[in-house]
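All chains are identified by letter, namely A, B, C, D and E, in their written order; residue positions are counted from 1 within each chain.
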Amino acid sequence: MSSIAKPLALPHAEEQEDPREQLMHDPRSRGEMNDMVMESMHSTTWKYWTVTGILAVIVVVCLFYAWYYLIMQGLGVAGVNRPVYWGIFLVEVVFWIGISHAGTFISAILRVLKVEGRRPFTRAAELMTTFGLVQAGISVFLHMGRVWLSYWLIPFPNERGLWPDFHSPLMWDFMAISTYLLSSTMYLFLPLIPDMAMARDRSTGWRKAAYRILAIGFRGTEGEWKNLITAMNIFAFAIIPVMFSVHTIVSWDFAMASRPGWSSSVFGPYFVIGALHSGMAAVAIVLFLIRSTMKNMKYFLRPEHFDLLGKLMLMVSMAWAYFYFNDYIVSWYGGDKWEKIVQEFTEKGPLWYLWYAMLFFNIVVPFAVLWNKKWRQTPWLLAIVGLLINAGMWLERYIIIPETLTINRMPFTWRLYVPGVEIVLTIGNFAFFFLLYMLASRFLPLIPVWEVQEGHESHTLRKIGKASIPTLSDME
Amino acid sequence: MIKKFFDALNQPLGRIGVLITLLVVFSAAVWGIAQTQKPPEQPIQFPHNLHVGVGIQCLYCHSGALRGASPGLPTETKCWGCHQQMAITNTSPLLKPLVQAVENNQPINWIPVAQVPDFVRFVHRPHIAAGLNCEVCHGNVSQMTVYQNPQVLNMGWCLACHRAKTEDNIQNNPGRDPAITAALATKRTKLTDCSLCHY
Amino acid sequence: MSDLTMLLAVFEDIEPASGGIEKLRDLGVADDQMNVISGIPIKATILGRRSALTRVPAIAMTGAVLGMLLGLFLIYGTPFLFPLNVGGQPIYPVPQGIIITFEMTMLGLMGFAFIGMFVDSGFPSYTPKEYIPEISDGKIAILFRCPDNEQKKFIDALKKLGAESVELAEARQL
Amino acid sequence: MATDLQLPVFTNNSENELAGRWGMVIDQDICTGCQACVAACAMENNIPFVGEADAGYGRTMHWIRIERFWQGTFPEVKMTPYQPVLCQQCHKAPCEPVCPVFASVHSVSEDINLQVYNRCVGTRYCANNCPYQVRVFNWRDYTDARQRPELVTLQNQLNPDVTVRRRGVMEKCTFCIQRIRHVEDTAQSEGRDVRDGEVVPACAQACPADAIVFGRVDDPTSKVSKAAITSRGSHMLEELGTLPRVTYLAGGSAQ
Amino acid sequence: MSQQISRRDFLKLAGVGAATTAVLTGCGPASRYVTRAPYIKMPEYTYNGLSTFYATTCRECSAGCGLVIRTMQGRAIKVEGNPDHPVNLGKTCARGQATLHGLYNPDRITDPIQRVARGSEGGTKMDWDAAIGIVADALSKNKPDEIAFLVGMAPDHLFDLVADLAKTIGAPAPVRYGALGMFEARTTLVKAAEETFGQTGLPFFDIGGADLVISFGANFLETWLSPVAQTREFSKMRRGQKNKRGYLVQFESRMSQTGAKADEWIPITPGTEAMVALAIGRLIVEARGLALPPAFANVDVNGVVEASGVTLDALNRVAGLFSLYDRPLVIPGGGALGLSNGLQTAEAALALNALAGNFGKDGGVFISPTNPLADQYHRPASGREMQDFIQRMVDGKIKVLFVHGVNPLFELPKKLGFGGATKYVPQIISFATFPDETAMEADYVFPDHHGLESWGYQKIATGSASSVLSGAQPVIVPFFNTKSTVDVLLAAAQKAGGALASAFPFKDEVEFMDSKLASLLNVDGFFSAPEINTFAAYFQQYGGWWKTTDNRIAPSSADVLNRSFKADAAQFDGQGDFFFVPFVSPILGEAGANKPWLQEVPDPTTTIMWNTWVEINPATADKLGIEDNDVVRVVSDYGEVEVSVYKYPAIRPDTIAMPFGQGHTAYGQFAQGRGANPADLFGPSVNEAGDLAFGSLKVRIEKTNKKRQLSRLEGVLGVYGFDSK
């Protein structure tokens, strides 16, 4: 006997999804949202100040004092040696630039593609971009042997008649990172202007003065909006290639060197994807922290957003695995003697466990967790996955830089790298990132309220047949 | 509190205060730089003008310039060669350090002034061989008492001359002879080479 | 012509606001005598207005050209000023030139877009302006000029259309 | 007077000088690994010593090192011929283009590879990119007598012709350019060309086995050119196309 | 850029030192703060920027290489070889290069001092008049036979003076000693020559002329006799001949630097060198089908194969080489002679040379030229003689001991008891330049100049075909308040008065030297002069005087092969499992440990810097469960040392080796407390020639569960694989 249908599911299995669980279909008035955001900025507990204080102390000791010590003593206090001339400092540079990619990705690419789920957390991601770049910049300077002369990288006319050498990938890097830092800071600022105006309108005292300055006199007239939106559109389109170029150029620092394990043409896209991998994961961590520690954020940051992030993370993880495999198999199959030695060293050398840990964190963990929608929508779980991915990506950079550098074409010099003061400075770097974020969280509206309201305006529920279907009208 | 501070800055007096602070910082920096450029105190306030005036050649005391890198500074023996025959030597208070140095067999610790940094190798000989007179770089010493550098000895200054001397223009190559042009190019390659001075 | 007064009409929602604009136009207020101040960007067509002119793209393009020229100078001009041989590479390299020119072009583009936004909107300006803080709470305000003596007429008409308040616009410190 | 404004024309003619100027031949068959070159180089070039801990951690400052490997196990064990490794003065040096500030540049006039210490900002990219791993970095202030009081008297030995490097600066073998310059200057003052064998770097000067020969490689009659023309000769990592200026003559019983 | 105070103060105020100036002046100071302290009193001719070069003689070992020191503004800048000098022809070794670090060593003794107590640091500074008074008193107030002189292998003019002095006052002849001499086993070589050819003198092996060199333990490229000259000759042997590449075969139990250069390195049980040499001789004779001469008659080839661990194939191959090559040369030396049967080894090797018929021919064996001053060869005291000397000390027969140029507390094996014997000597006067162990134990230290601040000459023992007197002169004015020991002794002689004063009427050192050099006037050399001032000027200018002819003496080979040679098994002291091969560190030598740059020059075979290691075969180490860098205790019957392990692939599994040169308990900051001294393990046994049988030891290894990282230049990962740490 043939049946006309498969067994039916339990009733209401699909109806359980209430559209009101989505931020866009749970509108509140702008004033209410403004107050919520303002309240979240104003409420500081003793816990907040304790954490901030501890972070500040760590920054002063582990970053500023340790840096002073490093400068006065020379890089000998770090673990770099011959042949590992580049150590954790550059791992940090790549790592933080990677982190910084998430902000641009979310606010630029998703803005261009009109992914509505981005609305509440573009700001949080953009802040990560800027603060991540600050850390990357610091790490570059930490890395330099004579940092006090780093201004020689700036092309300016001088009495020596000397200019920087644009043949050098580091110079491209310098230009690209400066461009990226400047443009991402501007891009952070543009959508912030209306929110600054909002904050200006509802604060007093020094905050008022500061917001007034930052709101640069914005009222919201037609012309102002038009200019702002136009500028933002230009930025959204222009910053995407810059973002790709930045990490590609970072990868070229390695790929341009004729070193086994580095000289690879897939490094550009591989690094970009790697950057997104760690960046997305970092967004997950930061969103989780914001949501769980700041007031009123559970309204703005909802499981649906973690779901979106989770999907992106899964996608990026797969892409990363694809690119890694690409890089791997080419050198595995190609049979270049030195490439093979590098591979053998990473897999079977004294640091073999780092390689396995990297693969586990970067591929296995996201694959295992992020397929499941329920798990994706669990913020703490996503944060843990994010943490592991970040650890994995940090290890990936560690394997690419100090570990690969151990192997070169002169076996007589092969030597392992043992980090020294870098560890302290890394702690300082992380603390500085979180300190900046903590301070910013009480000064800048972490939710772009006007964008959320804009979203509310364009979303409706439309009744089609028996169901109310969330519907988006393009108002931009 | 902070607001008050910002408000105070908006007052005319506050703005003047900011201006004054900036000025003080700036002039301190200028003063600091100026301090580094002041000529040092020499053990003997040697009057170059007097010695050049009586017709003593630069190379008499700084003879190393003819043969090698450093022209050298004269020892008390050289001074004494002339000064022991002069009556003023024993009477002038300015010459007391010299007399003492000779009597105690102590050196005169001249402080070199026309110095390039340690990472620059400057060799006098080829410059003299190229026909440059001392005063081209050291200024008119006959007008100075204690020597002072007439200009900042920096890389741009060196390079400008090296380039000018090898530039292929009418002055250097009046007949526009291709052979001279080629020779100038070769010379320029050498004279603008980093390895000429830095090693 | 009699003196003009500046009025500020505040609406709760977009619909009445667009009605208000239409009404004002009917009442003879020219398009350049009104402005809409809103907490979110609203498309001009929604309000039935002509789109505001923006010079930002033009300024940005100028910046892009300037940036490109700077990039070209850096990569091809500076080696001309002091040519130095490195690793047998050409003094005026093409691939590197693409990178530097690209970065500088983008920097110019974005930098000038940013500056253009400031210039075209007259930012930053801290002088008192006609504004009410409710706008950032999502209200829409129409700022318009009307003849002094017909004030009442305009207020009534707009109130009828659902304006929360129509008052004399007064410049205030933002 | 328009010609006065004419900008000088600079051409890059390094491509035409592939033969190079200065070169070295090292005969591994007679190098006895005695390290005299290492010590001589250190003394000539003001190379600081770094102490036991740093030396064991790959931070020795030697500009020349002698490599050796093992083949086989006891009793058929053999040591590979000693190989002094120093800067190969590549014509197409991978270290040069990667420096962002032109601290690692090519001397077109001498066709050697320069490290301009005072220009160096310490990115260490050049060292990474050097396939021969012959660049050394001043990891600490090894030459600062304020930090190392033992140097106060030892610094009387410093060669005034060579810059003393401080922390954060990359350095490497210069082919004893101070000696090249000195000899060139002497020759010029005597109005003659530099004679073959007149320029001797410190390592070649010390080498008791005369395993190191130095001279002009663009002169086919020079001792070094003649020494290089043998079936035993090879360049290190020749496949990289760096055009090194050091020729190694194979050790062992190879003809 | 000047030394201006205000600027310096400003910088201090600015508080960021270098960075600020860099920013301010726009140029990074690579070295502006390295102060080259002005050399206070410059002669007029040094004031310009030109270098001045002085010819002198290296004093780092007794080989006597000629140096030319580049000086600038009164400072010695660089050591270069003297190209005219017949020993080294312009070449130097690492130790010679680093001699400047001795000259400017921060630990030099700066003033004459009287120790408060023996062994204590520092002491009371004295002035030189008082010091001379003390020396004069010591010379005149003691009975002549209670005065003893212990001097090093360099310089010879001092030795001549001391010898004359001893003769004048009737004291026993001065004793010369040096650890290098002990490790070279010079006495054994001399004795072997005497017994084999009946001629005294140090054998000379013409490596450069040979095309096949078979070496029994002779580390002639490292520290043995005259390494620079021998390296040059080796290079000539290898590649200096037309269409022929010289071949080197090395028999030893641990691959030395010389062994590493060998075309064939044949590991051999220590102590079997003599029998292997004789077996090879027998195989050659048999292969050629000649009548077996008595020299090789007693050897049992199969027994040799078994005892030595060298296969019969290998022996046959080496024997075959003798007919393949035209000019074979056999060299005995180094560790092979420092065994109980060392003399037999030397003689057996000479017998092989006799078989090769190379005596007095190119590439053969000679007796080294006698020195130009035509007195006998002053070899270092053998172990037996040193034992006698120490016995005299213990017996209280020495009331005053003068020590110069040698550091017996370090260089003599501890077991010989010099350290204990010093307490029987009421007065010890050291002339040490550095605060070495012996100077610490002395009552007075009257520091001599460093070699580069001194006048002098050195009689070249070997290394040159012609007879050479190498000259030394000061290249800078003395850096510290030191005084030439010759001057001190001359002044003391004057002060002591009497016969002493009239026997040494010299004003100073130079006058004394001139009196010695006077015998060379009008002798045929590469220069000659009719009167002493001209001669002395040339002597200093050229860095010595030498003949232009070949002055080597051809030994007579008449009866060598008809003698009967013994090849006994070597005797080993102790019950350990391992043969012990001590060798002199090729870099540090006996006295290089206080020179920081020598410490940092890697050892040629292991690439280790700054420390001592013990070499163990990897297979043995694995069996014992020992890893690289593990600290083990090496125990002999006479002492023990703790030292880190280096798994050395080229050493016999039943042998361990340790370098000599470190393990100082004094001798300045760079040497003190660094490494271990293998001489602490040595016993008192000597070979038949009286040389210390330092290799006649069996030791055992005990684990300590400690680890101490050895500093190596090599990257372990690349050289020994990823598994090694």
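Things to note:
Basically, a contact is a pair of C-beta atoms (placed from the backbone, for glycine too) under 8 Å apart; a residue touches a chain by one contact, two chains touch by 3 or more.
Quantities reported herein were computed from a predicted structural model and do not represent experimental measurements.
The chains that touch subunit A as well as subunit D are B, C, E.
Relative to subunit C, the chain whose mean Cα position lies farthest away is E.
The chain occupying the central position, as judged from C-alpha centroids, is D.
Set side by side, the interfaces B-D and C-D show unequal numbers of C-beta pairs in contact, with more at B-D. For this pair, subunit B with subunit C, the centres built from the Cα atoms lie 58 Å apart. Centroid to centroid, with C-alpha atoms defining each point, subunit C and subunit E lie 88 Å apart. Centroid to centroid, with C-alpha atoms defining each point, subunit A and subunit E lie 65 Å apart.
Rounded to whole angstrom units, the spacing between the C-alpha centres of subunit A and subunit C is 30.
For subunit A, residues that reach two or more other chains under the stated contact definition are 83, 146, 149, 158-165, 167, 171, 410-413, 415. Along subunit C, residues 82, 84, 86-87, 89 each make contact with two or more other chains. Listed for subunit B are residues 67, 69, 117-119, 154-155, 192, 194, each touching two or more other chains. Across the interface of their complex, subunit B is touched by residues 158-162, 205-206, 208-209 of subunit A. Residues of subunit E that touch subunit A in their complex: 18-19, 22-23, 26-28, 714-719, 722, 725. Contact residues of subunit A toward subunit E in the complex are 71, 83, 146, 148-149, 151, 158-160, 344-345, 348-350, 406, 410-416. Subunit D contributes residues 54, 57-60, 65, 67-69, 85, 94, 97-102, 119-125, 127-129, 131-133, 136-141, 167-170, 237, 240 to its touches with subunit A in the complex. The touching residues of subunit A, counted against subunit C in their complex, run 29-31, 34, 155, 161-167, 171-172, 175-176, 178-179, 182-183, 186-187, 189-190, 194, 197-198, 200-202, 212-213, 215-231, 234-235, 238-239, 241-242, 245, 249, 450, 453-454, 457, 475-476.
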